[in-house]
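These are the structures in question, set out in turn.
The following pair of complexes shares a single chain, chain A, combined with chain B in the former and chain C in the latter.
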Partner chain A sequence: MSAAPGLARRLLAHRQGGPGLLLLLAVLLLALFGPWLWPGDPWEMAAPPMLWPAEEAANPLGSDVMGRDMLTGLVSGARVSLLVGFVSTLIAAGLGILVGALGGFHGGRADAALMRVTELFQTVPTFVLAVVLVAVFRPSVATAVLAIGLVSWPATARLVRAQVLALRGRDFVLAAETFGMGTARLLCTQILPNALPPVVAISSLTIAHAIQTEAALAFLGLGDPNVMSWGTMIGSGREQLVEAWYICGLPGLALVVTVLAFNLLAEGLNDCLNPHLRRR
Partner chain B sequence: MAGPGALSGAGVRRPLFRAWLPWTWTPWRWIPWTWIPWGRLAQLAPVLFGIATLNFLILQLAPGDVVDVLSGEAGAATPETMAELRRSFGLDQPLPVQYLRYLGHLASFDLGHSYRLNMPVRELILTRLPPTLLLMLSALVLAVSLGALAGLLAARHAGRWPDLLLSGLTLLSYALPTFWLGLMAIVLFSARLGWLPSGGMLTIGAGHAGLAWLRDLLAHLVLPALTLSTFYLAVYARLVRSAMLELHGADFIRTARAKGAGEWRITLRHAFRNALLPMVTMAGYQAASLLSGAVLVETVFSWPGLGRLAYEAIRTRDLNLLLGILFFSSILVVIVNLGIDGLYRLVDPRVTTGARRI
Partner chain C sequence: MTASTRISAVAEGPAPPLLQVSGLCTTFTTHAGPLPVLRDVSFTLARGETLALVGESGSGKSVTAASLLRLVEAAGGRITGGRALFDGVDLLALPPAALRAIRGGRIGMVFQEPLSALNPVQRIGAQIAEAIRLHRPLSRRAAWARAVELLALVQIPAPELRARDYPHQLSGGQRQRAMIAMALACEPELLIADEPTTALDVTTQAQIMALLEDLRRRLGMALLLITHDLGVVAGVADRVVVLYAGRVVEQGPVERIFAAPLHPYTRGLLDAVRLEALPPGSALPEIPGLVPALHDLPAGCAFAPRCPRADARCHATPPPWREGAPHQGAACFHPLPAGTGRHAA
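Entry: the complex of A and B
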């Protein structure tokens, strides 16, 4: 991790990575310190219903049809979105690295079988699969995280497989194999450290997609009934869309900013972590 | 080698009306067999098998069994009737037998019964299919045509303001959630400006016919199709832009320029035709995600298709219907991919079906 400060500096200087990092920092700060600045239960009635933003100093972003404070809801939504995004991407990256590394390293039949499974998950409409999984196993944050993680690993698996295939025959790997290194040690100490940088970049994209998927699930009514997320807010504001569009609009804007941050960050990471591109 | 006599056919008695006789009627000779992607059709079977297995696994891992779900919906059921139901579903059989029975049902395209709507799932899905296909196809056509146009413009003005504007809009549209974009489009175009209807497929009770019907349908189609196409439009614009820039220094472009061809002629007839290839490939990759997007867009715009059906199934906890939609939409993706393969051969005659992997 000695490269971390250098990487942060390079990212900040990057045309897309810099704004991405700053936007992400803003969302992170909102999620971390929001509950102290604007305490309260996002489900509690705290104001007269349908208060427009900037109408009342106590509720700067207004209130929804039940009189729930919009800002408290947005803070809670930021926590949920980031949590679901990070944990489900952790699951997806773990699955993807496992499948891709095993397939790329062993080749042959194991590889063919694993690729078949990957292709299967790329054929099934992933959002429909996530909907089915969450609906069958009852909506909650845990099922959403598991379902999103389970449907978003194929891209990572393909990437890792390609990387491992490219590194498998390199001299330093063959040398380590000659020393008598076992498969697991060879993968973990020689191949994967060199294969991981693009995985970090693609994981940023996976987080962005996971956050969108979580919001879409909650919008369809498959969110955790006890947790206020941006998708839940948009879904419940649909009834008053014409009279009070801000109820749907504000959480959607928050969603756009967060997803944009991770997309920009992915572009920056892709350029900054790829030494061949940097040299050009 | 046959002698010259054999060629003349003098000694052969031919039936006069050969083409009319039923046993000499050979329709299979008219089918272009070599055009059919056999390799891909053979890949179809394991994919279908995999999806069916996935469905069965989900059903097995679900809390409770099918009968629990059904009786839960129906209210209090006595243990006797539940046992009777389990027997009729074959749930008292060992797991491998259940699995084989399930595969058999799916193979004969029997997706079960929706107890909520009291209709076979297959019929429900098939009646909701045409609107979804219409929506997906219009979104795809919009994305391809407008995206190609935007990409062409950006590539011709690379580095100048149309290009920068496009890259900004692309970034934004990657981040826009489809369902939210649809809601905001309703607010603007339907509630504020009053230009377009906010949902549905046809004006209820209007009883239009002919041209008026078509105009009504198109008015309802514009917003959902544009909403669904936004993301893909950006993807195609980016793709066409980079393909065109890559082709910029190619030999055959220089030849065309040396011949004295005009700049637009070079762009359209020489470069763009080659930029079509990655676009077709991309369309194949996007079939699944387009279907996923349709679920959300249909929900927002009350478009009476498969996605709306899925939403209703979620609302009523009709799990069997939901699983049927998952199975069927996966098949749809496979079929679309087959079609894209055919299109690929049409666009690029160098391609043989065996050479391309998914």
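Entry: the complex of A and C
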């Protein structure tokens, strides 16, 4: 695998990957250093309600209908979105790789059974399933992460399966088999390292989708009641959409920017990790 | 050392053969129905001997090699019969763990196209070290040192540097040397080489064959060489097995096969490469017709439709195996009389 600095440089030079990486970096910095730059509880009613952005120096992005500071809320939302996005995608990628690799490698009945389960998950609308899962358990960041992870793996599983199927019969895999490698080692050292680049690219899309799903859950009031997320903010501001559109608009913009960043990054990763499109 | 002295030593020794394949049948399942790719393939290979498996494309040479190491299963094939005794143990009936111990341990394999047979995302040295550590309890560092030694053994210049290269950074010949180093990682008793020089240019081909022959002699391995290059066969093989449409049609010592072939197909193959005896301007000799499709094989001898000596019996019943000379036999009703191997002027 090429070294990480080389990949970062190629990504930055890429038409979509570059802007994606920079946007993501901005959101990441906001999430990391925001609480330190603008300390405070996002739930605290610290200002007069419905202050417009730039009206008061203490609340640079204004306040919502209950007088909670918008900027502190946006920072908290960035942390929640990124956390939920990354961790649930980790779960989805893990499950997807496991299911796809086992199905693709063994083929036959095991493959058929695993793919039927995958199709079962694909036929159920993912958002409805996530709503049900979160509603059954108590809404919290952990249940949101689990629910989103559990509904997001089928695409990864199908992709990994296709990759493994294609790689299973390749000469170097057969050659490794003639050196006496068993199934686990063949998968881990020969097949998966060659199958992962598109998985990395699709995982960026999975993160984007997970962030949207989390926001939608929070909008419906199925988010963690103790954590301010972008979805919560949009939900609480929807009745003032006409007189104070910024209450929905700012978290909405943050959501758009973050999801766009991951989509652009996925595009960039797909090109930069694909050896057929990359010039050596 | 000439081929003949080696053969006589082998033939007179009481030791059992290293590899004894008998009645090997392999079938591939396709949309058009089952395809009998190997039908009753039998041959033996003594310790330290070089056996060449020759035949046209599609004759079953590579499938024979893949069947011995049970690789056909991953490619959609099934071994439907026969035995392959390796030092007394049937490879075709081994449980998976024992099979893994033999693969890469006592039997090594070299593939035809080294670029596709090496993992593109792993350094050469790491691949060889891993092959070693599968069978030997060595530390990573010791396995790496051994990998560099092996690269030196296969005459790759600056082996410490090349060990850190990825496959795409090496030349074709170097890649095949690296592949051979990997197959030799655990000093196998048998090396199976499936057309090891086909993907290389002519000068590199000669170097790789010389290297294989040298290593075979130094390490005392047996070599099962799969090839369609009769020049290579004449240079290195002790004995030859000729395959046609999944059956052994002739086998014998290399000098007998070249000087006095029994089967008309062997004769046709030899004529097709003995061009120096042709008068200038004459048409190139060829075997008329095509290899029969495996799902539509004739009832009798598979070569009968193309054979100048075929009669009604050949078309009706498959010819039995007949010994035509000491250690030489063919599956033919009308073997060629001795002394007709040289191209008739």
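We adopt the following convention: the second predicted complex is superposed on the first by the 276 of 280 C-alpha atoms of A that agree within 3 Å, B and C clash if a C-alpha of one lies under 4 Å from a C-alpha of the other, contacts with A are read in each partner's own complex, and residues count from 1 in each chain.
In this text, a contact is a pair of C-beta atoms (placed from the backbone, for glycine too) under 8 Å apart; a residue touches a chain by one contact, two chains touch by 3 or more.
If you're wondering where the values come from, they're calculated on a predicted model, not measured in any experiment.
J.: Contact-wise, after the overlay, does A:G180 reach chain B, chain C, both or neither (first, second, both, neither)?
T.: Once the two structures are laid over each other on A, A:G180 reaches chain C alone.
J.: More residues of chain A in touch with chain C or with chain B?
T.: Larger number of chain A residues touched: B.
J.: With the two complexes superposed on chain A, say which partner A:N194 touches: chain B (first), chain C (second), both, or neither.
T.: second
J.: If we overlay the two complexes on their shared chain A, which of chain B and chain C does A:A266 touch? Say first, second, both or neither.
T.: In the superposition, A:A266 touches no partner, neither chain B nor chain C.
J.: On the A-aligned overlay, A:V87 touches which partner chain: chain B = first, chain C = second, or both, or neither?
T.: Neither partner.
J.: Check whether A:V131 is in contact with chain B, with chain C, with both or with neither, and answer first, second, both or neither.
T.: Only chain B is touched by A:V131; chain C is not.
J.: Which holds for A:G169: it touches chain B only (first), chain C only (second), both, or neither?
T.: A:G169 contacts chain C only, not chain B.
J.: For A:A31, using the defined touch cut-off, is the partner it touches chain B, chain C, both, or neither? Pick first, second, both or neither.
T.: A:A31: touches no partner chain.
J.: In the complex of these two chains, what residues of chain C are touching chain A?
T.: Interface residues on the chain C side: 66, 69, 71, 74-75, 96, 100-105, 107-109, 111-113, 116-122, 130-131, 134-135, 168, 179, 182-183, 185.
J.: Within their complex, state which residues of chain A touch chain B.
T.: Residue list for chain A touching chain B: 16, 116-117, 119-120, 122-129, 131-133, 135-138, 208, 212, 215-216, 219-222, 234, 238, 241-242, 245, 248-249, 252, 255-257, 259-260, 263-264.
J.: Contact residues on chain B for chain A in the complex?
T.: 46-47, 50-51, 54, 58-59, 61-63, 171-172, 174-180, 183-184, 186-187, 191, 288-289, 291-293, 295-296, 299, 310-311, 313-315, 317, 319, 322-323, 325-326, 329-330, 333-334, 337, 358
J.: Could you please specify the touching residues of chain A with respect to chain C in the complex?
T.: Those residues of chain A that touch chain C are 1, 168-182, 185, 189-190, 193-194, 275, 280.
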